[in-house]
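There's a structure below that I have some questions on.
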Amino acid sequence: MKRIGILDTTFARVDMAAAAVRALNERGTGFRIFRRTVPGIKDLPVAAREMFRREDVDLVLALGMPGRAEYDRTCAHEASLGLIWAGLLESRPIVECFVFESEASTDRELDRLARRRAEEHALNAYAMLFRPQDLHRARGSGLRQGFPDAGAVRPVR
Amino acid sequence: MKRIGILDTTFARVDMAAAAVRALNERGTGFRIFRRTVPGIKDLPVAAREMFRREDVDLVLALGMPGRAEYDRTCAHEASLGLIWAGLLESRPIVECFVFESEASTDRELDRLARRRAEEHALNAYAMLFRPQDLHRARGSGLRQGFPDAGAVRPVR
Amino acid sequence: MKRIGILDTTFARVDMAAAAVRALNERGTGFRIFRRTVPGIKDLPVAAREMFRREDVDLVLALGMPGRAEYDRTCAHEASLGLIWAGLLESRPIVECFVFESEASTDRELDRLARRRAEEHALNAYAMLFRPQDLHRARGSGLRQGFPDAGAVRPVR
Amino acid sequence: MKRIGILDTTFARVDMAAAAVRALNERGTGFRIFRRTVPGIKDLPVAAREMFRREDVDLVLALGMPGRAEYDRTCAHEASLGLIWAGLLESRPIVECFVFESEASTDRELDRLARRRAEEHALNAYAMLFRPQDLHRARGSGLRQGFPDAGAVRPVR
Amino acid sequence: MKRIGILDTTFARVDMAAAAVRALNERGTGFRIFRRTVPGIKDLPVAAREMFRREDVDLVLALGMPGRAEYDRTCAHEASLGLIWAGLLESRPIVECFVFESEASTDRELDRLARRRAEEHALNAYAMLFRPQDLHRARGSGLRQGFPDAGAVRPVR
């Protein structure tokens, strides 16, 4: 039985975790989900480390939605570095799933993008834990999350 | 009994900690507050680590006010990274509450923004320690600190 | 018998690892290759640390292809810092091989550049493990990977 | 008896440490000063860690003067991050005092600014060790080092 | 007997280490030099940590030459941060000596600048190990490496 941690924020404008949980449950079984909500993306790194330590999760999915301001990009950069350090300190994977508000031009588009990206990152998390061979088969094939895949330059043998 | 550390600076132009303490005390009981003032925001990370070690606090609220100059943004970035490292090293949360002088156009506006943001981050800190379910209920709902909430793109179930 | 880890991503649009493995096998023997594919470049640092710990590899070759957007450059920067930390924490080398999509103007050019750079970094990895004297002889000689060498300003004695 | 480390550089164009030492000695007693000079600001973080370990100082005052070039700002940023890490690793304060050459337009002005800022940071260091209540009283009052204070937006009670 | 590590790269276009070794040998005795060449500047931090651990060197001189592209500046920034971390983790000094190709306009000028800067950093490394009093005497005197000294704003007493 694997243990998956899902972190999200009150700052985000879409319930990305709901989409992630649904995608995980539709994908398979053999895991238990632990959840926690923090205020903003800068709180994610420590919360991830706490989850690894307290709930002994095998992987954390960290969901966040930086705002439109220039400063939000700086915050996202800091949070991303923090998530990488947290993963390195624990030597366990943290799948970062950030959707920038500025990636969408309408609320409806933002909602769709955020849910789709959360789902696709959740499926990546599932594959990292249960189906590494699926990731290996998809190497170099230009996969994207939330947007259409870019595709391989030429087919992977 | 939880222990909350509050750090502030002599550089800030508003007594943000006063607002934070008031908000905490109006919100509930069951905690003890430890306070310390350092010169500037770059001194916050080490002071936070010291507080975790000496006063064994459960959470640190780090209050700061970067100035208007371009260089102040660099300092804030460095301080933010330092606060994330400090939290990771201790595996305990540090709630960063920074108000940039440039966010307000008058002293009166700066005063109001700084107090309001300090209060709202203090309430977040309270929720992290005592009411995690409140944060979870507010997931993906576009909360902001010091400014009006952005709101959820569509209602969270 | 040396152990070489090769990491790649599903985000990349070229199977860079295939080129790297081929180059290694054509170059010599005395090593065993371990492979793993992760979703994107930000997943490489933790995967590298895991490989050092689980497979006890002597060196990791980390292959990635950041996209064309400004944000992809930020992600590459974060991933690079993470790879350096991972190497430092383990005190073992990680050879980073990133090809930015924006370095090529056509798919064909991107394919060629990515394969060539992966090969040349694989040969560097081989030299680091088996032929350090080759690297020493080539000191200060302006070698490049994937592009023509810049050359030494004047011949190295 | 407290132990204060003072680090400076051969790169700086003003003997900032002289001003700092004078300010400390005029301010009080009960401390011993340890000094060391390194080539440039990037050498300060390791020198600070060494001082904590070898001389067991309670605090390090790190004095530096980045040059006018764009690249010097990058170096200062790297040095600042290093100083924060060094302080975190030791869990002891490092008071950074940098004066950018570009902050002054004449040598005379640079000299005055550097000495004044060094003095004021030295007094902050003194307060951190001996008079934390002074810092606390000055919270949120807009203090600056080397330039006139910005002042509190409204009086701190 | 002190132990000095010298690292250089195959990416650099000048044999900077030759100049550094010559300067060290002309300056004095009482040290043994250990050398290693890595492909590029991003490989320097781990190689430095390895040298501290395997050869037990007292100091590492890390020589590199970032290219002219914007991306090379990012790589240099990452390498610099890595060198600072490596030094902090070992609590032993790493003297970084980088020459940007863009600092010179001709190959001849680049050659001269690189050799001169390598020599001057090598002499700094020597002073850090054997003559700290020389560095102390030169505090605040505006020394530069590879370019004419900026000089002290007014004479240091």
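The letters A, B, C, D and E name the chains in turn, as written, and every chain counts its residues from 1.
Following the convention adopted for this analysis, a residue touches a chain if its C-beta (ideal position, glycine included) is under 8 Å from a C-beta of that chain, and two chains touch if they have at least 3 such contacts.
Since the model is a prediction, treat every value here as computed from it, not as a measurement.
Trainee: Could you tell me the distance, in whole angstrom, between the mean C-alpha positions of chain B and chain D?
Mentor: Here the centre of chain D sits 25 Å away from the centre of chain B.
Trainee: Tell me, which residues of chain D touch at least two other chains?
Mentor: Counting only residues that touch two or more other chains, chain D contributes 81, 85.
Trainee: Quick one: label the inter-chain contact graph as line, ring, star, complete or other.
Mentor: If you draw each chain as a dot and join those that touch, you get a single closed ring.
Trainee: Beginning at chain A, go round the ring through chain B first and name each chain as you reach it.
Mentor: Order of chains in the ring, chain A then chain B onward: A, B, D, E, C.
Trainee: Per the contact definition, I'd like the list of chain B residues that touch chain D in the complex.
Mentor: Spelled out, the residues of chain B in touch with chain D are 8-18, 35-39, 42-43, 45-47, 49-50, 53, 67, 71, 74-75, 78-79, 81-82, 85-86, 89, 107-108, 110-111, 114.
Trainee: Please output the residues of chain C touching chain E within their complex, sorted ascending.
Mentor: Residues 73, 77, 80-81, 84-85, 87-88, 91-96, 100, 121, 124, 128, 132, 135-136, 138-145, 150-154, 156-157 of chain C touch chain E in their complex.
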